[in-house]
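So that you can tell them apart, the chains are marked A, B and C in the order they are listed, and the count of residues begins at 1 in each.
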């Protein structure tokens, strides 16, 4: 499999604090790739650089063979990278339907067509019945699914999920995992996710990258990584999974 | 034009600028702590100015003597305003608070217009036409006294924030709202106190301004905008910046009035505002707010 | 044409349609039923509704607070007036010149603000600064007679000249009524379009919108430019209706504030907010005028105090404006977000 995303020696400094230090990895197309690590490890900063919310100080980020580092976030989305946010950000005063239509309008200029695609997506994410509800009235799990729906509406090749399982109960986590697996299986969508919920990581990821203090300390198949002594010491502890 | 004229105009501008600085200081304190963009700032100043005018014309009391009482009245007004009207709206979107204050500004200007009419009122003190001469420079006594009073009040304010416990509490609120709550500070009361202080500042500045300019209801909005130009130029949240900005604007305004037409001098203030907003939004002495 | 009608008619309940048609009919026959003075009152209401709608495009749809909107009306008025007084060019042609200039002015303000990250309240202050700068500038511009004012020649004609906009209040009434209807339709079409969706997304959460692929800079610019161009027509109307222009009046911050009162009171971001707000505001103002006249007192500034109090009351008690509150009460669902 070719690498859809290639991150090469990417660094980010904030006035003397090195948040991300020479991180390199490749995400094969069609894979489910997880980034884990303790809080403050630089995971969201890394995401923000890939998604275009900030530019790296050093290094390159290649998507489908083209450099994307430093591009603004809407340009990155147009290239095929969609993202969700750690703290959910739906459009509060808009309906569920309208939220997703905004995303669908990226690839479809006609509002009518965008609405049809939206309905299909909402069915898939089990939000169709709530499509006319205003986003701010939804529960947290629903808002998370809404954000995923909106991201998927932009028809990305790579989906960045930032702690999408946070705050979900185990049954909801399983449901989200099943949905993501299903989409990956059916459409070949590449998913890169930041996660703390190890249950989801083990169930979902084909490959795991571990960050600590901005540095990669392990990379590989989930089973291997969770037994890596460095990972156990810095993040997992001995009682996980 | 001979150099003397420039010098005289520049000195007059600097002195006026010090009073501007005090006015802007009030705004800076309010914004720095309470984070409210007080668009009624100039209008509040005009209330103080009219108070000075009325007291002078009825009781013949020199404005500089009335400085403290009027500032005290303004403090109470400011405190009440924050406690009663603005505190309940702390958590509303920014533009809601802003429009609230805009509404107040409109009401103040027009109530003053109804009460006092559109004509100018002046305060003619006994020393209104006195002046001092130092070398080639002729300094208006009124401007000098006003500027001196402004410096004194500013120093008092700095002292308050730096050396008193209450002042430090206020600075804590400014730095970290939640942190201040956590350590048990009554933030809402401190906000009201701060707004009161800011109002007292602008009230004092207003009293001093009566020695320099004529008072009409319409100067309220003019000074509001001027105060914003100064605060943004000097640096949001920086008290020294407000004074520096005031000096700068006072100086440029005076020189611009000399080099071009006097009525166009505000244009330069706006030009500076636009430039600062675009190229150095944190102002000369300000820190970048995330 | 059918698809255009469909986009307008799309998902609006029957009840609302009947109400709208009845309202329009009332507006059309009104001048025949009331005296000339009331016709001018209605003209003021419609003028405020029109400019409020134009401002709404920028604020209600795209979320950008402009408090210097008078600049666009002022520019429109002066351009059309100068072309008429100096070169004899009629106002409708003058409009073709005024709109691009106003849009360009909006583009400058928008570009400077959006490129440099000036947002929220600071953007509002920037717009005020530009308007004030223009006011003082025009006050010294001899080409437009500076502060002495620019006057349009008024001839007593026996008939209405629509082309040159010379005529009775009734003619002006129908012109502004037509303009307001056009503005309403325009806003409806815009809201249901791709651009409208992008605007709402930007208003709600600019960062999230960008992450969803919305080109935020470009669409904010569109909002400013369209809003500016639409507002400029109001200036042209103003110039030819009142026949005089003073920079002090036309670019004054009071004009900008008047423009925003309607939408804020009626409901920002809604389609009918500006009209309802304009009605309430003007109705209250006229009541106040009548009361003062009856009592024999003359208080210049009383109207402005009223405006200030209205704004205060609405923000404190009905922050979303009258319309959302009213439609919840009456069970009418406004299809605009």
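In the analysis below, contacts are C-beta pairs under 8 Å (C-beta built on N, C-alpha and C of every residue); 3 or more make two chains touch, one makes a residue touch a chain.
Since we're looking at a predicted model, the values are computed, not measured.
Peer 1: How would one label the connectivity among the chains shown: line, ring, star, complete, or other?
Peer 2: Topology of touching chains reads as a line.
Peer 1: Pick the chain whose C-alpha centre of mass, unweighted, sits closest to the average of all protein C-alpha coordinates shown.
Peer 2: C
Peer 1: Cα centroid separation between chain A and chain C, in whole Å?
Peer 2: Centres of chain A and chain C (C-alpha means) sit 43 Å apart.
Peer 1: From the mean C-alpha coordinate of chain B to that of chain C, what's the distance rounded to whole Å?
Peer 2: For chain B versus chain C, the centre distance works out to 33 Å.
Peer 1: Please tell me the distance, in whole Å, between the geometric centres of chain A and chain B computed from their C-alpha atoms.
Peer 2: 50
Peer 1: Can you tell me which residues of chain A touch two or more of the remaining chains?
Peer 2: none
Peer 1: Write out the stretch or stretches of chain B touching chain C in their complex.
Peer 2: 37, 85, 92, 94-96, 98-100, 102-107, 109-111, 113-114, 118, 217, 221, 225, 228-229, 232, 261, 263-264, 266-267, 270-271, 273-274, 277-279, 281
Peer 1: Which of the residues in chain C end up touching chain B in this complex?
Peer 2: 65, 67, 112, 116-118, 120-122, 124-126, 128-130, 132-133, 136-137, 139-140, 253, 257, 264, 299-302, 304-305, 307-309, 311-312, 315-316, 319
Peer 1: How about chain C: which of its residues touch chain A in the complex?
Peer 2: Touching chain A from chain C are residues 192-194, 197-198, 200-201, 204-205, 207-216, 337.
Peer 1: Inside the complex, what are the residues of chain A that reach chain C?
Peer 2: Checking each residue of chain A against chain C gives 51, 53, 72-74, 77-78, 82-83, 85, 89-95, 98, 101-103, 105-106, 109-111, 114, 150-151, 153-154.
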